[in-house]
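Take a look at the structures listed below.
Shared chain: subunit A. Partners: subunit B in the first complex, subunit C in the second.
Then we have the complex of A and B:
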């Protein structure tokens, strides 16, 4: 593959480099590779659920459980986090006007933990679901698979902590003295927020994984009811990390939209201050709502109310972002190239997913939707509808700067239409499936429930459309990175203006550009 | 723009207040009909429909605004042929000239 057309280098030079753009590129390539691998698993799951009572594609329920477990783990830990880190590595040092990340070697080490952790998750192919709830993961989850998953997640967790330390130090300590923190671009703010969140949230899950492992080895019984342990304790430790983690996945995508929307609207951002405020608010509120995942575990009423209010507190901050985007577009002269299309689509779906979240957070409604396909639809609408849209938009934006060539705009637009259509069709339908009472994570369902059959088939067709969109994306990435037209590196999208962060990164001595 | 912001804020306040009034009425009715049978399922679904109505109303306003924005401010719109005042700057995204420091 031709990388950096004007200064081609052998791939090994990039692999063993510690320069932030090279590490960023490695993060991006591995993250996208894992996206396609996990996407294949998603297609298997949805195709299997097209007909009830069939097992020609996935022969048994344990295999089905393994497939959706690895799909979830891969999408979250091996696609969402690495791609955010990749873009962060590429842009943050330039945004804060520093020559590299604060600790370049640590940065490279943090990246190289990803393929190792990924290999453990994929070679183990555990069946515990991505949440690995006790007591199943302690008592019944089979052999090396679950243990490999625990080790894989530990490695990925350490990688997250190392890269977070690097981002925090780079932004707070290495930024140019002439650049006040409040003027640091919002994408860098989003990376700062999520890095601080990771440092606070991750230790809880790290502890939970160690306890899970020692429980599995039989030397402790923290979560094992037969040894006097409490499985609910695992849920608390898990969700204390993973509700904030939702924002850790989300905020970089929002930060990327803050980079793209003013650029393609050809006007200044409406409000830098409100963007910073909303990031910080979401960073704090993210820790006030983990209990809403556990309303049905026998929590007392007052605690539930506290978590309900804590969850709803995210609405104004999220609304500030949406308002900021709309106000930025207002009065601009918007060029709808692929990055902008994905940003606008992402905002629309972010709003829809958020509305579903508000309903989820209301206690009585949560009891209806708990453990149903509603939750699957809601979670995926956030992950695909907002996070993946933001990431894909940013990948299209940064593509000419990395490869020196332009992607095919027509193919990218086909990708956008198929991805938007598919996302709406699959995940809105899954909300309805949940309201019809279909539980999530089931291998099969009765053919007599005609509404379940119809809705599953609609969702599966949507998934195929979504998958088709990603095939277009793959062609754009692979074919046009070597055969695409040479890009005008000064202004690849024809937008005017002089400042393009990624282009500046081509020069290793970009400090202060 | 300011008028739109004001209308949006009023609409949001109204959306927040209407359910509160409803709950207050419901609470008063509950006190009067103490010890009466409550169909929890019906209550929950009522709550669901109320909240979906609120969510869909806000969603329609935001989505409608976004669709209009996309249509009106696209570069191919007849009124959008002339470059905006920010496009004369070195960096339209921050509204600055190079001498002012860019980002």
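Then we have the complex of A and C:
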């Protein structure tokens, strides 16, 4: 039922298919393509910052501002969301033992909004930064670029709501009646949690985008102080969506690790119940902390305290996930193939990113770190260190099931080492850079601050190592998907014994757990 | 010790650490936000892409701020166009400039010298160059 690339089919048959594995493949290919495009932008940013001085690589600050804006938008909306949806499309219907997604056509429509939204973001190349704070995005951001970004994000937001509806209905209503909800595998639980979160969180940003657009057209003044509006309103609407969105990006990666770690530890999962509990907890607590992005906007003391408590409350549930992974690995016969390496690396970096996050949420420390490179390092440690590690591990794992061939394990290990090394070198260094006071989103920095120069150069070298790892990934994806050794489909990773692979199910209706 | 006990111990330790962080930052923040009664008010206006200052006695300065050692100062922060962030990293003075709002931050320099002032919220074309300097004078 998988093996799309092995049995030759004309590409349009995959493109116009509504079958969940075909749509999943489309999501995966698009998401990974955008990962490499946005990765090139990241390399440009880091290389430019290697030397202080304005004419090194990017000759004007507008171009630089556009590059970091599109880098951020692409990584979040065109890499993180589509790849999670792609893997979800592959696995969720099989995990709940249904023949397809609940609404296959809606599924395909939701996918095809992604290339359109992506085209609008890339052709516009806006300079508002991905948060596009008002009033800059209302009164100063140039021309069609910002409007194209608003329309692009609008389309991507609708796509994300449609696919969430689809996942919720598939899991809750199309699940096999013999399969109780608590026994649904944890990856499907993570997709259920994030889909419900999307349905609650996304409308507030959708409203903010429309208000931003009418403000730009000059027919309203919601966020424009000269027309009686308030920029703080935009910040609330924005962060009410995008703090939960952090968990929407994160939880599928955690869910993927729940697939990989028991399998490669050759042991059953330590606790299904604790995983479900932690997902549901994070899904709710994620909505209690958006204000910690706004401590310095003139928020009063009590509000700050409330949002600090809401932020800290997310930590025990995250700790339960880490504990669950460690307890599963404990005493297992672990096989360190690439998917397992990426999962373990991801957990280690998740722990360090979370520890840094506790410092951010403490009010007095936030005034040191907010708006500096500390925040850049912190959130990339989540996005690269945890989310991308989980996704890449899952892509390696599912690779033989999609292509029928094995990736090159040695190349994958080189990819892992370079990616781990690079991630640590770039993003840990950026934490230090933040403590030295360097603001984020700067095109240039004074050459006389020697510590800024040194730390920037260390970070840039780390970024090149990270980028080199992704070259290895690209070779694995492009070359070994058609030229690799044929995989042994009963046990592609040589784990021995009889392990259940959901994707090998010929007819998911009749597979028993 | 079974896994179950270990998990409860882990959750307990995490909650204890969080309580410490939460209570300690409550105490520190409460202290930090207490503005001394004798603090002198300095008006700060942030606009694309420079800082202007107005002292209590009416003197105005652009991009360079002269203050005296040993005095407490309360900044009244105004915005003209888009959001900025008024930041003196060496003294942990940091507050957003929000047009339509007046924000506050205070500090009392106890060391003379020259310190950078910068913008820490993305504000467009010359955000990177929206820098000034604070000169703390030793005169009593």
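Just so it is clear, the second predicted complex is superposed on the first by the 489 of 513 C-alpha atoms of A that agree within 3 Å, B and C clash if a C-alpha of one lies under 4 Å from a C-alpha of the other, contacts with A are read in each partner's own complex, and residues count from 1 in each chain.
We take it that contacts are C-beta pairs under 8 Å (C-beta built on N, C-alpha and C of every residue); 3 or more make two chains touch, one makes a residue touch a chain.
This is a predicted model, so every value here is computed, not measured.
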item: Contacts of A:309 with subunit B and subunit C, given as first, second, both or neither; value: second
item: Touched partner set for A:296, first subunit B, second subunit C, both or neither; value: second
item: Touching partner for A:362 - first (subunit B), second (subunit C), both, neither; value: both
item: Touching partner for A:65 - first (subunit B), second (subunit C), both, neither; value: second
item: Contacts of A:375 with subunit B and subunit C, given as first, second, both or neither; value: neither
item: Larger contact residue set on subunit A - subunit B or subunit C; value: C
item: Touching partner for A:278 - first (subunit B), second (subunit C), both, neither; value: neither
item: Which superposed partner A:267 touches (first subunit B, second subunit C, both, neither); value: first
item: Which superposed partner A:444 touches (first subunit B, second subunit C, both, neither); value: second
item: Set of subunit A residues, in rising order, touched by both subunit B and subunit C; value: 323, 327, 330, 358, 362, 364-365, 367-368
item: Interface residues, subunit B side, partner subunit A - complex; value: 1, 8, 43-44, 47-48, 51-52, 55-56, 58-59, 62-63, 65-66, 69-70, 73-75, 80, 83-84, 86-87, 89-95, 98, 101-103
item: Contacting residues of subunit A [partner subunit C, same complex]; value: 61-62, 65, 127, 129, 133-136, 139-141, 225-226, 229-232, 270-271, 274, 296-298, 301, 304-305, 308-309, 312, 315-316, 319-320, 323, 327, 330, 358, 361-365, 367-368, 370-372, 436-437, 439-446
item: Residue ranges of subunit C in contact with subunit A within the complex; value: 3, 6-7, 10-11, 14-15, 17-18, 21-22, 24-26, 28-30, 32-33, 48, 81-83, 85, 87, 89-90, 92, 94-96, 98-104, 116, 118-129, 131
item: Complex contact set, residues of subunit A against subunit B; value: 95, 178-179, 183, 185, 262-263, 265-269, 322-323, 326-327, 329-336, 344, 347-348, 351-352, 355-356, 358-359, 362, 364-365, 367-368, 495-499
